[in-house]
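The next block holds one structure in the form of structure tokens; read it before the comments.
Labels run A, B, C and D following the written order; every chain starts at residue 1.
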Amino acid sequence: MIEIKLSDQSLSIDKAYATVQDPTCGGIVLFIGTIRNHNKGKTVTHLDFESYAPMALKEMNRIAEKAKTEHKLHAVTLHHRVGELTIGDIAVIIAVSSHHRKAAFAGCEQVIDELKEHVPIWKKEFLEDGSYWVNARP
Amino acid sequence: MIEIKLSDQSLSIDKAYATVQDPTCGGIVLFIGTIRNHNKGKTVTHLDFESYAPMALKEMNRIAEKAKTEHKLHAVTLHHRVGELTIGDIAVIIAVSSHHRKAAFAGCEQVIDELKEHVPIWKKEFLEDGSYWVNARP
Amino acid sequence: METITLLCFGIARDITGAATVSLHLRPRPTVTDLRQKLIEEYPAFGELVSFAIARNEEYASEEEIVENGDVLAIIPPVSGG
Amino acid sequence: METITLLCFGIARDITGAATVSLHLRPRPTVTDLRQKLIEEYPAFGELVSFAIARNEEYASEEEIVENGDVLAIIPPVSGG
């Protein structure tokens, strides 16, 4: 099973967990990405996530399907937040269940690695003295 | 920070998450071990976890400290359930936070691997036609 | 010549000043043609780490040919997660 | 001879039939002495995959000497998590 969501509302760990939980699976791995209060020595006050929604959902689905197949996972859930977020807010939750815990760890790590590389979502960080699009310039 | 708990009450994912969450950490990895409805082709109805509590807590603390040092983690929380559990119940939650997500994945996996090898907790599985201590006999 | 419209996100929207940008190109250009025209008209795109072009909601390769009716988008370096 | 008491958990409790077991041994035995005596009195311990001895809430090595007042426990193969 694959569940993909882009949402401008708070993400719930319990809800993501519930989507992958299954009586046949003993091991569930979750990755939770939160907003840090600093980046490269600068103090972040809040930030904004923008997405190219239809393409982001397609890419998220492709990445989840690929991890599910390659690691023989039972279920993969991928929830990403968009809009304005503040420090400590959850930006992304990846939940993976599997019969074998090694596969669950490897699959979950692969999903977050590929998400950060390919999914068209852009983060603008607001500092005390300005703002910038993360990763855009050298 | 290290938090260790052996409990005969339901474990909460949100509570474990809250203990490791920190505004300086962007990456949190959780492992959740649940009770499966089968083991080696047999149907499990429920099970019982027994522990040698003072030694189990010492070992859990040693394993958490070791992972924290070796992977430079920010925080490690290790909650294990004891007593009678049924299918789908959470037996163990490991929550790890880190500045770097690679370290969080590696650290969390190391904790569950070492827990399963060293912590004096024993699981008795109850099947439809009997019961047995897991791993005890060849 | 033909008018080709691309969606702009993130820093691409800041550079063009709008949610879409229109380029005038010969019919059936390649993705490379699009990229070059874009940098010609908005040199700031040349200052980015990189940018990709999406065609019909998928990453396009450089040699792909843009057809009439394709949905195109400029994809600056992503930073989700 | 001395009386040495060990805590029993999991399958060890099933084998001895009680939460503790007492062995009669010469003073200051090694962990190996304990292990051998245990198998001698309860051959079922020899049928387990393995078992460890804990001394003062830590895993003991085979050559360790058991002192008066030590807290000892039989640790059958663990299965937590």
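Here, a residue touches a chain if its C-beta (ideal position, glycine included) is under 8 Å from a C-beta of that chain, and two chains touch if they have at least 3 such contacts.
What you are looking at is a predicted structure, and each value in this text was computed from that prediction instead of being measured.
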| item | value |
| --- | --- |
| If a chain touches chain A and chain C alike, it appears here | none |
Touch graph components, with chain B removed from consideration: A, C | D
| item | value |
| --- | --- |
| Rounded Å distance between chain C and chain D, as computed from the means of their C-alpha atoms | 73 |
| Cα-centroid distance, chain A relative to chain B, in whole angstrom | 23 |
| Centroid spacing, where centroids are CA-atom means, of chain A and chain D in whole angstrom | 49 |
| Sites on chain B at which at least two other chains make contact | 33, 112 |
| Residue numbers of chain C (touch at least two other chains) | none |
| Touching pairs among all chains present in the structure | A-B, A-C, B-D |
| Of all residues in chain B, those that touch chain D in their complex | 33, 49-52, 54-56, 58, 80, 91-92, 112, 115-124, 133-138 |
| Residue ranges of chain C touching chain A (in the complex, touch as defined) | 7, 9-11, 14, 47-49, 54, 57-59, 73, 75-81 |
| Residue ranges of chain B touching chain A (in the complex, touch as defined) | 13-14, 17, 21, 23-38, 87-88, 101-102, 104-105, 108-109, 112 |
